[in-house]
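For reference, the structure is listed below as structure tokens.
Note that the chains take the letters A, B, C and D in the order they are written out, and that residue 1 is the start of every chain.
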Amino acid sequence: MSWRFFHRLPVVSMSIFIAVQSDDFCLASEYDKLRRHSACGAVVTFSGLVRELSDNTLHSMTLEHYPGMTEQALIAIAQQAQSRWQLGAVHIIHRVGTLKQNEQIVFVGIASAHRAAAFAACEFIMDYLKNRAPLWKKEHTASGDYWVAAKDSDQQALARWE
Amino acid sequence: MSWRFFHRLPVVSMSIFIAVQSDDFCLASEYDKLRRHSACGAVVTFSGLVRELSDNTLHSMTLEHYPGMTEQALIAIAQQAQSRWQLGAVHIIHRVGTLKQNEQIVFVGIASAHRAAAFAACEFIMDYLKNRAPLWKKEHTASGDYWVAAKDSDQQALARWE
Amino acid sequence: MIKILFFAALRERLDCEQYLLSCEGKMLQVADVLQQLQSRCHTWQQELSRSDLLCALNQQLVPLTASVQDGDELAFFPPVTGG
Amino acid sequence: MIKILFFAALRERLDCEQYLLSCEGKMLQVADVLQQLQSRCHTWQQELSRSDLLCALNQQLVPLTASVQDGDELAFFPPVTGG
């Protein structure tokens, strides 16, 4: 499912696009949409990928989510970012289901007039997504299936925004 | 001109790619190279675009540079980033010559095992590039040609890294 | 009725995806619901007592002091690990 | 000889891209070279006295106290505005 919102502000238009999907996404086509915001000189993107475990035994992972709540949580996070920084566009795409080695998991893209706002908003969204969006990873490895444990570092990452 | 360096570290391989060119670049093909680093779960990209002036009179801009020194400055900045954070790959592309409205000016892409390192390195490189790389913008507008003045905010952005 | 959902590792350990609880028209706190669920068996007692348990009421994160009523959707799950 | 390059707004204001200066085998500081250039005319005096002037010696940013010798490439330019 995906949502689009358009707000028209005095100076720039602001759009939020959110999608939770099992299909892969295309960074280039998201970027092409982000760079259309003519008042925005800065585009920052983040992509999260399935990476090797240190012992090289990962086959794949499955992402479970809470349908409905995930989308709402992502919209709320995007709106929080929008209220903190002046942004032209916020795109968040999160995949669910089974993903293999090196597949794309998550995309966050920001268009803004200023690079500092674009960087901050993109990192803010990832930090909040990691702690607030109801998604869970299960790793399928040579020695069995394991739910990924939440990381203290992800929780600590929120501190700087408070 | 473009440079490629490959270092082999105990755990991950590190690559630096630098290009100063008049040709446009393709974000998707840079991203495809960055995400090949299998130990890197995080890819952050920054793109700088020619944006409208507030009075909507910009026709185009010309980027002048100091050939040779620009490439060296970008390599030095990439190496500084690499010495501060554990990075899988750093790509920097800067265009020179005449660019129109909404054209791409600069690309910085980082692949890293951790998102915090990828975000920090990407923003660090942009902050240093803005202050240290010998490039100058001249705007061609309806009322004449003007050299862009350096911004205090760009200089202040360095403070946090020192 | 209150619809209760469980996710991820918690869902697997409880061997339960969805559970319907009658609240008999009473106004309850999430903590009261949790206590009723814990009383079902030793496993539920253990799994629903974890200090890192998260709770969402009608798809919004809430603390255990939140009030629940007939028709609400309540969900319990472990710390999230998306992204 | 020392090869001296000027860039961007400075290049335009001096109406000069490249200037060759004989150092007659002497060891000079960048500040000495700058003084010689400033003495050329009023415009050069003015433009090369700006406090935000940057200097690169053999393509590395250096302070005005850096030493210059025969065969060096010296460049002066305004604050950079790339990115």
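Here is the rule we use: a contact is a pair of C-beta atoms (placed from the backbone, for glycine too) under 8 Å apart; a residue touches a chain by one contact, two chains touch by 3 or more.
Values in this document were obtained by computation on a predicted structure and should not be read as measured data.
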### Summary
In terms of mean CA position, the chain most removed from chain C is D
### Task
Report, in whole Å, the distance between the mean C-alpha point of chain A and the mean C-alpha point of chain B.
23
### Chain centre separation (chain B, chain D; CA means) in Å
27
#### Entry: Mean-CA-position distance for chain C and chain B (Å)
48
### Query
Counting only residues that touch at least 2 other chains, which ones in chain B make the list?
48, 126
### Residues of chain D engaged with two or more neighbouring chains
none
### Task
Treating touching as the only link between chains, describe the layout with one word: line, ring, star, complete or other.
line
### Query
Between which chains is there touch?
A-B, A-C, B-D
### Contact footprint of chain A on chain B as seen in their complex
26-28, 31, 35-36, 38-52, 101-102, 104, 113, 115-116, 118-119, 122-123, 126, 153, 157
### Summary
Per the touch rule above, chain A residues touching chain C in the complex are 48, 63-66, 68-69, 72, 94, 105-106, 126, 129-138, 147-150, 154
### Message
For a test of understanding, state which residues of chain C touch chain A in their complex under the given definition.
### Response
5, 7-9, 12, 52, 56, 59-61, 75, 77-83
